[in-house]
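Next come two complexes, and both contain chain A; in the first it sits with chain B, in the second with chain C.
This part shows the complex of A and B:
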């Protein structure tokens, strides 16, 4: 049977070439791409941004935007060429035979329609004969199938009443509504927290095994691929670099690019938690949640104690609804001089809020902050208490952290101006900093949109360093970058800290990234410090169940 | 980003940049600028007026050695010349007030977004108050309070128009202010002036720019309305609105040309500005592409 399926693939892409007609010139997005998808398998399409993987997914769905034209090759679905079908036939195919799951679960659902109605609507649209009652019972089954607890109650709820992971489950239910043969899933878990990501991937694997649907999984994350894909196609610059079974690609990659991709993924090295427990006193007492103070440095550069931050909600007290849940509750952290300390947590854990409080960008209701031996009143705005400017930040999205209307040179000169309170007469400082961060000086006259993501992030690092801060807070500085660039930036940050003696607070959702970088790690959960200690302790000795879960949630075989 | 917008504006494929309304508008501007050279008569110089030739119908030959192409009004002034001179004042008032209103409004909007809380509330409540009153009413109150004069009417038009720019700009500036490059600017303790004018303003100005051509048409119409009501430009400074008003009382006696031709000139001007404005807005607004 295996043999037979091999001869008759469900979907066959042969020498597909796609061009996009831009304002100025046509660019080739896909070049001579071939692949095949068999029934019931998960095919991973992996590549960095610009690899053409999403375009390929859309081509299979017949959803290419205007401006794209197919100049060569063909896509065969059950032996029929998709591009030769009429619009009507293609519509029939889409949804019923081939459906899709997209990254943004919020945008995929109608916020003004209950999720049940949305599933029912899809079922009815795809099957004219179905009655309303039947459609509803099918919708309930689907909700049950994708793991929504208590579907009968949840049927009438609206998307905002579900968590991100549950919303993505609903999206999956809708994708399944027409009993499709193929689902194209474009980064289905990239917007989700690690622990939730793991569950969704398990669900997708389960569904393909049980219903026989085939999945095209478009992703940039090797971890996701290794977790559930049967076979992988590695893409770069619109071409297929390598393809084969997942295990063989991961274990014995043939191409240099694949090796680079694999090497760039931060890996966790974990010693099983129960191996040795010697460092008892540093773990958190589960009853009181009291975290032992980091005792490495008697004179830390930063000491934050018992910070509590509550977002006020509506400015009129009588219009505030419900109890205010604090973003941070009695959080204390310390940062040793010249070290990198990590703050790790999932979204909503308060880790970014902590970073912004340390930088003086936000106030806190209660708590004290001691920087370089100086006490700051953090209930006041950073401008008033003098904290603002002592700390510089590197932000998550480099596209948003540079003024699009200001040249790189002008942006960096602002930093020099800040550090010296005078406009630089020559650009010596700026130029030297550019050299040190591996940026060509010619970029000084460029504008942000002319730079790559990695270059922009380097400029942001340069801007932070030129201001001569005592601490740099890096808030997910690599999350918006491609994996290969991520590794460069992490290396650069590490080098910067050791060369210039800066101290750094590194905020991340990714434990693996933090492991190599940070000496001390704080794990945040729901606004409290859940676990804390040296990197060694966290990864090998901590028995905190949440820490263990975070470590286990890292998808893929990289946890060994 | 700005350069991109401008480039697509000029290089938009498949559509000609020059349209009939644009040509008409350009003709208006040329006529207004060169008005005193083209006009056969200075209608506001009593020495050039032949009072006995008042209310001549269009095409009558005048004593000055030229034909009254569009006739004369009740005081013997050549309507064609009146229109040319009036056009100059009307366009000057409209362009100046629109430019000033845009500048003040954008600055106020960006400042509100930057200041936040109290400053924001203060500026935006003034804006709300202003936008809740009918335009003509605000303009009338302003004129009555300020008194007559070209500078006063420009001021009145600015008072009427700045609020629209402020509201539009403030919305965009608020979303820009939440981006991390603004956090970075705060972390460098840049002076408020620099944050507002170098960081916020250039990134929030686009919607206000698309508003300019539309508001320009409003300004012309509003100025004409005020002048028609006798509250606008003083009698000795002609404008299209007062030219229309001049002939209003003669309409029923059959001397239609005194009001009709200035009125038509006004109509053509506002219509061409609106067509060009709509075109510019469509080209600049990324959502409509």
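This part shows the complex of A and C:
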């Protein structure tokens, strides 16, 4: 028996071909995909968007959306072909034998049901004989197992009362409830902060080692793969590019695509602590968390001082409950002319709020803003404060920041009109900008949905530049893009800043990216500046424990 | 919690005040009720003048309004010009008939509409969905007088299964006369209740369908599938609660509408309810009854809204205070 388990893979995918019947034509999503999953291992499935990795995960779960059809090959689970089972048989397989963890921990849980009930419901659905009392004690054990402190109290709480990481732990507990053989984890940590991601990955590794469950880890992130996967399958355009043990894929990739993918991952350089740092360190006072004024640049383009922002709860003051915690508390930042300054922080740190205040999209209760030597009243909203237009923004999701009913040309011309109040007589400006950003001029007549994600973000950058702003605020401009595209966009931003002398505030959660781009870095935590200084200082000399923790949360392989 | 209740009560008070001004000016501008009260042919100008003074109609409008408000604050809506009974008592007398009609109609409409909507949403773009959508468009667009007459034609005249109009014999419950307590009364109730229910079935079904389709695309229903729950359990334990907020809102609003404005159905089926009382009183310019009815309707809407809000809090933990 033991021996058989070693030889027989738990799950075998053989020459799987899947088609999707769209409105117009059928597209092949998976082409001749073969792989095997052994008991107790973590198999990483990596690829960029459109690689078909999530579809493969859904096919294993027997949860393909309508429109998908399997035209070749098979998926064998313990010798049984999953696609040949009836709906009912597949339902019986799910949860008991094969279960899942999805990316979005917020959306995975029913918001109207307590987490305890959701775990109990799963236990009872999978085992008819179990009593309510037994199910509850099992649920408490599971919560304990995945690291929820004080399960007895937390049992009756609702999903919104948990943090993101804890919600994902609950999801993992539910996935474990039926003691499955396989868990399909689709981007299980992509929606989490780096420090939380590291904990969740450690939990998953731990669980597979202890319970012998096998994990199919679908991800776009080489860092995640390098942390916990035993073996890796690299996919592209629905095909397997190469597969092998994690270390051999990472160290000696055979295929060009894998090499490109690895090269595109931003790497953190840890400067040796004893190296000469030209730029003086400027540490934050640990008590007041305020950057000392004397050390700052004498003539910055942007100087924001002592900004405090409190989000009001209810619109009626007497209905607000409890003390409001400020989104930003006495935050001061500066942006040197012609440079890129980074703001780094985890979710809820106030970094995006800062960006929106600088862009004039949000008001602040207190504080001053000095742009190009001119004072702006940041307690006023929108047009009244005069900031709109002086500052341009590039948002995270390019698909959502372009008007779908406006052609690219029209969107860019609008930007020119906005800056100069005159319609461009010829499209010279716009055309030149397109060339500069590597966009073919033929796209001017296209609409956003006809462009790729990277092209859309280039259009957003072009739009921001054409408005001739004093500074640009870029809020996570590469987070919605594939790594290879992300590398292109970062190169482009760097080039733009050096060529045109634009100043940019770059907001990101990714330390490696910020290190690559920025000369100055502010680290935000819970609405205050936790640490600040030149990039070299932050990455080598800073003794701030939070900064160290952020650096340590990076996958070791992509740090050197 | 206390502050929320105070806020809600002050809103309700403001609403009642605004409604009373609009209603008062409205009914004032429709015509002079004196001509409905005296014998127009036999009355002398002196008779008319005396009647006008007796009703206080010789005073300026604002004066009449403040006297009305003053009376209301002491719990007195005045006496009906026509029936010579206290106006509010008259409205309350019609309430059981209206209430039972609305409740029965909603008890038919809500479950049927929700079930049809869930079915259509689950079978999106299938023949069942297509049929339910088309039928709902028809049910929503036919005028209620035509629907009522068709129901009488089919249910009463052609088949003779149900009586064509009027309220049936009543039984007593909690000191009030209810016709649903007798078998004949229930038969009398069936056709008007159906006439009120059909458009609401369509409305609720469409709302449920779109909600179901939206919720089914969310990750948690997919996660429920992945964790091995049966489709039935997902539909009733997860999808239904998550779409129930808009459904309950519309049920509350429609129920209020049935209490107040089921005029057409009540008239055609000769059902002695509040809506019919309101229309009759407006035609006869019976001001105290009109004002009493409007006040009752406003209070009913405020109360229904409060109930709907209470339901939100019970249903959705996110609206409760979280630490």
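To be clear about the criterion, the second predicted complex is superposed on the first by the 536 of 560 C-alpha atoms of A that agree within 3 Å, B and C clash if a C-alpha of one lies under 4 Å from a C-alpha of the other, contacts with A are read in each partner's own complex, and residues count from 1 in each chain.
To be clear about the criterion, a contact is a pair of C-beta atoms (placed from the backbone, for glycine too) under 8 Å apart; a residue touches a chain by one contact, two chains touch by 3 or more.
What you see is a predicted model; the values in this text were computed from it and never measured.
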| item | value |
| --- | --- |
| Touched partner set for A:393, first chain B, second chain C, both or neither | first |
| Chain B versus chain C as contact partner of A:359, first or second or both or neither | first |
| Partner chain(s) touched by A:129 [first = chain B, second = chain C, both, neither] | neither |
| Touching partner for A:25 - first (chain B), second (chain C), both, neither | neither |
| First (chain B), second (chain C), both or neither touched by A:175 | second |
| Touching partner for A:463 - first (chain B), second (chain C), both, neither | first |
| First, second, both or neither for A:406, with chain B first and chain C second | first |
| List of chain C residues in touch with chain A within their complex | 3-4, 7, 218-220, 222-231, 233, 237-238, 241-242, 315-318, 321-323 |
| Touching residues (chain side chain B, partner chain A) in the complex | 1-2, 4, 8, 11, 13, 179-181, 183-190, 198-199, 202-203 |
| Touch list for chain A against partner chain C, complex | 61, 63, 91-92, 94-96, 99-100, 102, 104, 107-114, 121-122, 125-126, 158, 160-161, 171, 174-175, 177-178, 184, 316, 318-319, 321 |
| Chain A residues touching chain B - in the complex, by the definition given at the top | 23, 356, 359-361, 382-383, 388-389, 391-393, 395-397, 400-406, 414-415, 417-418, 449, 460, 463, 467 |
